[in-house]
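You will see two complexes here that share chain A, one where it goes with chain B and one where it goes with chain C.
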Partner chain A sequence: MTITSPPSRTARRPSRRAPLAGIGHFLAFGAPGLLLYLGLVLVPVIMSVRSSLTDENPLHRSTRYTGLANYRELLGDPAFHRALGNTVIVTAIVVVVPNVLGLGVAILLDRRGRLYHALRAVFFTPVVLSSVVVSVIWQALLTDDGMVNSLLRSAGVDHPPGWLSDPSIALYSVASIIAWQMLGFCVVVYLAGLQGVPPELHEAAALDGAGAGGRFRHVTWPMLAPAVTINTVMLLITAFKAYDHIQVITNGGPGDGTTATIAFSVVTTAFTGNRIGYAAAMSTVMLALVAAISVLALRFLQRREVNL
Partner chain B sequence: MTLVLDRERARPGVAARNGRARTWLRPVAAVLVTACFFLPLYLVLANVFKPGDEIVRSPAALPFPPTLDNLTAVLTRTDHLFWFGLINSVEITAISITVLTVLSAMLGHYLARAAGPLPKIALAVLLCGLMVPPAVIMTPITEVLRTLGLMTSVAGVVLSNVGYYVPFGVFVFTGFVKTIPVELEEAAALDGAGRFRTFWQVIFPLLRPASASVLIFLGTWIWNDFLNPLIILGPASGTTVTVGVYRAIGEHQSDYGAVFAFMFLASIPILVFYLAFQKHFVKGLTGGASKG
Partner chain C sequence: MSRRRYGLAAAAAGAVLVLAATGCTAGGSGSSSAGSGGRPVLTFLTFETPNLDAKYWDAAIARASAKVPGVKIKKLVAPSADRNGYVKQLAASGQLPDLMISVNPDGLAQSGKLTAWSAADLADYVSPNANPIGGKIYQLPYNTQPTPLVYYNKDLFAKAGITATPATYQQFLDDCAKLKSKSIDPIIVGGGGKDTFADGYPDIAAVGTDVYRARPNWLAERRSGKRSFTDPAFVGALKKVQDLAAKGYIDKSGLSRDYAATEQAFRDGKGAMYPMGSWFAASADAKKPGFGVGVFPWPSDDGKTVVPAYTGGGMSVSSTAPDVPLAKKWAKAFMEDKANLDASVRADGSIIAIRGYTPPAGMGPVYRATDALYQDAAKRHALVNSFTVETGDTGLVPGVSDRLWAGTADLISGRTTADELAKNLDTEWAKDTK
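Presenting the complex of A and B:
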C-alpha cells in the first residue's frame, strides 16, 4: 500500500493540480451541467415536496396551503394502499425473476462461438425495444381472444385464463412482461461476470474434489457478486419507474386500480385527476421509499462484495 | 507463457472428460430456450407481412407469400403520423445525446479532477438523481417548461432529457476520467494549451469508450421514452414514433397488421443503431460489471 502512494507524491498533489482547479474550471466545465440538473431535477423535486402541502389543482382559482392534509388523506386512502401493495408485488417479481432466469441463461450461453453470440443478441433485443412496443406485443398475445388463448383453446382448454382481464391475474401478467423485457440485460451482465472468473480457480477447486455444484457455490457465485449488485439495482430502478407497461397494457385496470402502481397513480392523479397537490404527496412518499430501499439494497449488496 | 498455454489446454480436457457423450446437449438446449424467448417477437415479425384475415386465421404461420401492404399503409397515412413522429424522434434523440455527451463529459472531468469537499458533495447530489422516478418530477417540469415557454415543443423535451440524464453521463465519465493520468493534461498545459484545447484535443478523444456507452444507452432510452414526449409534446399531430405506436393502437384496436407494421417501422432505427454498436453496448455493461 505504501509503495503505490509514497508521501512525497501526495504532498505535491495540490500544486500539481493547480492548473485544473479553480473557479474558471468550475464555470467552464462544471456549471452548465450542474445548472441544468439543478433546474430540471432538483428544483422540480423541491417544487413537488412543496406542492404536496397544498391543494394545488389547475381547475381551482387559487392554491391554498393545507399542511399535512394530503398525507393524512393518503394514510386512509384504500387506492393508495393498493398502489403501494401493487408496487411491492411488481418490484419483487421484476427483481427476482430476471435475476434467477438470467443467471441460468447466462450459464447456458457461456461458451465461445457464433451460435452463442447470436443467441445472446436475441436475448438483448427486448432491452433495446421501447417498453411501449413490448407492451403492445404482449397485449396482442394475452388478450382474452389473443394468440395465447386461441392456442390453449385449440389444445383443448375450454376456459383459458383472462391474463389481462382477470383482476387477480393481471398484475402478475404485467410484472412478468417487464421481467421478460429485462431478462436480456441480466443475461449480458452475468455473462460478463462469468467470463471474469479465472479458470485457475475452477481447476484448483476441481483438484480439491469439488463437483460442478460445489464449484458453482464456492467459486462462481461469490465472483458474481458485482454482477448481482448491478442487476438488482437496475431492476429496482426499473420496477419503481414502471409506468409505460401499465399505461399501455391495462391502463391501471381491470376494474378499479388492480394494476395501478405508485408511479402510475402519481401520473393519473396529476394529469387525469388534476389533483396535483395530492399527486405530489404520493410522489414524496414514493421518493422516500425509493431512497430508503436504494440505500438498504446497496449496503446489503456491497457488504456481500466486500466479504469475499 | 507455457504455463498459460497449459492452462488453456487443460480446460477443454476437463470438459470433454465430464461429458463427451453429451456435447450436443448444450447447443440444443440453448437454441430451444432462446426460441421460446423469441416467440413473441417472431409473431410480430411474421404478422407484419401478412394480410389482416390471415393474421386472424393463422397467427403463427410464416408469411407466405409476404405482403408489404401493412407497411405501405403506415408510410402513406394521410395524417403522416409516422413521418412527423420520425422527424421528432430523430431530432429529440440526436440533439439530446449530443448535448448530454458534451455536458456530462465536461462535468465528469471537472468532478474527477477538482479537489475539495464541494465537488464531492455535487457528485453525491448528482448520483441521487439516478434514482428519481420520472413520474415524481413530471408535473413540476411541465411548470418549469411552461415558464420558459417551451411546453409542446421539441426543445422542451430535449431540455427535460438533458437535465434528467446528466447524472448517468457523469456517473460514466467521472469513473473513466480517473483512469487517465493527470500528467497528460499537465504536459499539454506546459506546452501552452488552454483549458479548452487540452480538454478537446487531449482528453475528449481518450474518453471515446465512455462516450460510446453514454451515446448508446441514452440513445436507446431517449428514443424509446414514452412519458416525456406524451406529456410535454402533448396531443398535437406528430409526436415521437414511440408515442405514435401508442396512438396507433388507440385507433385500430384489433387491426394487428397496422399496429405491428407501425411498431416494426418505429423500432428499425433503434435496432440498426444497436446492431451497429453492439460491441460497445456489451462493453458499457461489462465495464460496470467488473468495476462493481
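Presenting the complex of A and C:
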C-alpha cells in the first residue's frame, strides 16, 4: 500500500523544514553513537598512529618525532616476526576449529526437546564466561601436574605432554582454549542459520532423490552462507586480538615469546619495555592487517552469499 | 520537547557519555578528589599473594587510617604479582596511584612522577640510603628480605641419606645427585601462567654467590657500561643453572606452574629444595607442611656464606597526589605502625629494618631459622644485593628482568644456552635504554 499526501499548503511545510528535521533526527539518534565511536575508537587510533612516529616513553620527560624509524625497526625485529607468526597460527586454529566443530554441534543440536535446549545452554556457557576465568581454569587443568596429566598418568601414559611447559606445544594449547571458548558462539549462529532454512527446500530436494549428504551440500550449506560470514569475521577479529588468555595462561612463554602474539607484544613492549612509540607502531601494523584481512574475508564470503 | 531541543539534548547526552568514558580515571590526579565530607581520597596500589591477601591489606589500611584521620583510602589491587608493569600502565594512562607499596621506583622517579623522602622522614630507618635514585630515596626501606634462600624438605633429605645441609657448591651437587637417585626432584622452580618470574630464583642465587660476592657493584658497573652480561663471571653463573637443568636437578615441569602452585608443589613433597625469598618462612610456619622445613643459603664454590638480600619494599608517594604532605604522613603511618609491622612479619616473614623494632613473640621455627641465618650473614659482612630485585641506581633497567625470566625458562628447557641468554640480555638492555 502506498500513501500519498495531497499537494496542500500544510503538506508542503514539512518539506521546507526537512533539512532541520533531518539534523534533529541525526542529533537524536546518530550523534551519541558517532561521538562514542569518535571518542573511543577513531581518536585513540589517530593518537596511536601519531605516537608510532615518535620515541614516546612514559618515563621520559620529552618525546621526539622519529618519523618511520619504528616501522623500519619492526622490519628487522625477530621478536615481532615471531609474534606475527604466532598470531597467524592462533588465527588459523581459532577460525577453523570453532567453525567446523560449531557447525557439527549445531547440526546435532538442531532438534526439539528439553535435552537439546539444555545442551545449547551448556555449549554457550563458555562464551559468556570471562576469558580470565576460563584461562585460570584451563591453566590449572593443563599444568604438568594438573588434572589432565594426572588422568593420562593413571591411564598408563608415563610421560604426558607438557601442554603449557613445552614450547613446541604451548601455542597450540592456548589457541585451542580460545577456540573452545568461541565454539558456543559459532554453535548459536549456525543453529540460527539452520533454523532459518525453509523445510520445503529439504522436502523438494528429498523428492528429487537427494540423500542426507546431498541435501546438506545443495541446500543447508549454501543457506548457511551468512552464518559462515558472521562466524569467520568474528573469529578473525577475536584471534587477532588474542591477549588476555595468553597473559593469564603463559605470559607469552614458556621461554622467550613462544606464545606471544602481536597484541601481547604490544602490551609488553609498551608497559614492560616502556617503548610506547614502538608498541604503537606494532599496533598500527596489526590494525592494518586486521582491517585488510577482514575486508578480504568479508568480500569473499559476501560474494558467496550474493551467488546464492 | 520540540524535535530540535530533543536533538540537542541527545547530542549533549552523547557528549557527556564520551567525556565520561574517556575522562574517567582511577587514580592519580585524575581521580583523587575530595570525598564525602571534604576528605581527600587517595588511591593506594596493593598486590595480593598467598601470604598477603585482601584481609591483610584491609586491616593494615584501617590501622593507618585510624592514625591519620581526614583521609579516605581507595584500595587498588594489581592484577598479578607484577605490580611494576601495572603501575607503568596506570602511569601511561594518567592514572598513577597516589600511594603504592613495593613498586620499583626506577623510571617513575626520574620522570618526576614520585616525591622523594627526606632525611627526617628516614631518620628511624636502619638503611636510610637504600636504593637511591640520583641520590634521593623514593621508597621507604622498611624491611629486608633475603632472596633467595634454599628451603628444604627435611624428610626427603633424610630419605636420600643426606644428614647435613651442603656448605659448598660441590656438596650441593652431590646432594642433588643423591636425591635424584631416589627419584626425588631435587629443586622446585615455577614460572607458569602469569608468574614467569618464579623460575628466576636459581639465577639470583648463582649471580649473588658467583658475581656479586667478588664485585658487589657489578650491576652499577653494568649500568655505566664497564661490564656486560657476557662477562665470564655472569655467564658462569647462568651456566650453573643450565647445568642443574641439564642434569635433571631442576624440575622442568615447574615451568607450567604459577607462583602459588609452585609453593604448593613444595608443600606436597614434589621436590626437595625450594629456592625462594624469606617470605616463604611465614607461610611455612603459618600452614605447616606435613614435613620439617629447613633453610640454608645457596652454597658458594668455596663454602663461604653469601646471602643475597634486598632492603626496601615500602611505600612510594606520587608527586601528583592531591595532598602530598598528607599522603606521606599516611604512608609513614602505614609503614611504621607496630601492629602493621607485626602483621607483615607474621604474614610475609619480613625482617623489619626500622630502629627499635622487635618481632612479635612466638614466631615459628622457619622464620627464626631464616632470621638467624640473615643476622649471621650480616655479622660476617656476607650480604650482597639480590640480582633483579634490587632497584634504584644499581638496579636493572626496566624490561631486562622480564627477558631474563623468559630466557631462564629456555635455559631450563634446553632451548638456549647461558652464552646466548647473556647476549640477549645485552641486546635487551640496549633496546630499553634507547
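Keep in mind that, in the parts below, the second predicted complex is superposed on the first by the 276 of 308 C-alpha atoms of A that agree within 3 Å, B and C clash if a C-alpha of one lies under 4 Å from a C-alpha of the other, contacts with A are read in each partner's own complex, and residues count from 1 in each chain.
One rule holds in what follows: a contact is a pair of C-beta atoms (placed from the backbone, for glycine too) under 8 Å apart; a residue touches a chain by one contact, two chains touch by 3 or more.
Remember, it's a predicted structure, so these values are computed and weren't measured experimentally.
Contact with chain B, but none with chain C, is seen for A:P199 once the two complexes are overlaid on the shared chain. In the superposed model, A:G39 makes contact with both chain B and chain C. In the superposition on chain A, A:R61 contacts chain C only, with no contact to chain B.
When both complexes are overlaid on chain A, the residue A:V94 reaches neither chain B nor chain C.
Of the two partner chains, chain C is the only one that A:S165 touches; chain B does not reach it.
After overlaying the two complexes on the shared chain, residue contacts for A:A270 are found with chain B and with chain C alike. More residues of chain A are in touch with B than with the other of chain B and chain C.
Once chain A of one complex is fitted onto chain A of the other, the partner contacts of A:T250 are limited to chain C, with no touch recorded for chain B.
Legend: residue contacts after superposition of the two complexes on their common chain; A:H25 is shown touching both chain B and chain C. For the contact definition in use here, the residues of chain A common to its chain B contact set and its chain C contact set are 20-21, 24-26, 28-29, 32-34, 36, 39-40, 43, 139-140, 247-248, 267, 270-271, 276. Interface residues of chain C, counted against chain A in their complex, comprise 3-4, 6-8, 10-11, 13-15, 17-19, 21-22, 85-86, 88-89, 91-92, 107-108, 110-113, 191-196, 252-258, 261, 265, 270, 398-399, 402-403, 406-407, 409-410, 413, 415-416, 424, 428, 431-432, 434. Residues 7, 10-11, 14, 18, 26-27, 29-31, 33-34, 37-38, 40-41, 43-44, 59-60, 103-104, 106-107, 109-111, 113-116, 119, 122, 125-126, 128-141, 143-144, 159-160, 162-164, 166-167, 169-170, 182, 185-186, 189, 195-196, 199, 220, 223-224, 226-227, 231, 242-243, 245-246, 249, 256, 259-260, 263, 266-267, 270-271, 274-275, 278, 281-282, 285-286, 288-292 of chain B are the ones touching chain A in the complex. Residue ranges on chain A touching chain B, taken from their complex, read 13-14, 16-17, 19-21, 24-26, 28-30, 32-34, 36-37, 39-45, 47-48, 51, 105, 108-109, 111, 115-116, 119, 121-126, 128-133, 136-141, 147, 150-151, 180, 183, 185, 188-189, 192-193, 196, 199-200, 203, 206, 212, 225-227, 229-230, 237, 240-241, 243-244, 247-248, 262-264, 266-267, 270-271, 276, 279-280, 283-284, 286-287, 290-291, 294, 302, 305.
Those residues of chain A that touch chain C in the complex are listed here as 20-21, 23-29, 31-36, 38-40, 43, 55, 58-61, 139-140, 142-146, 162-167, 247-257, 267-268, 270-276.
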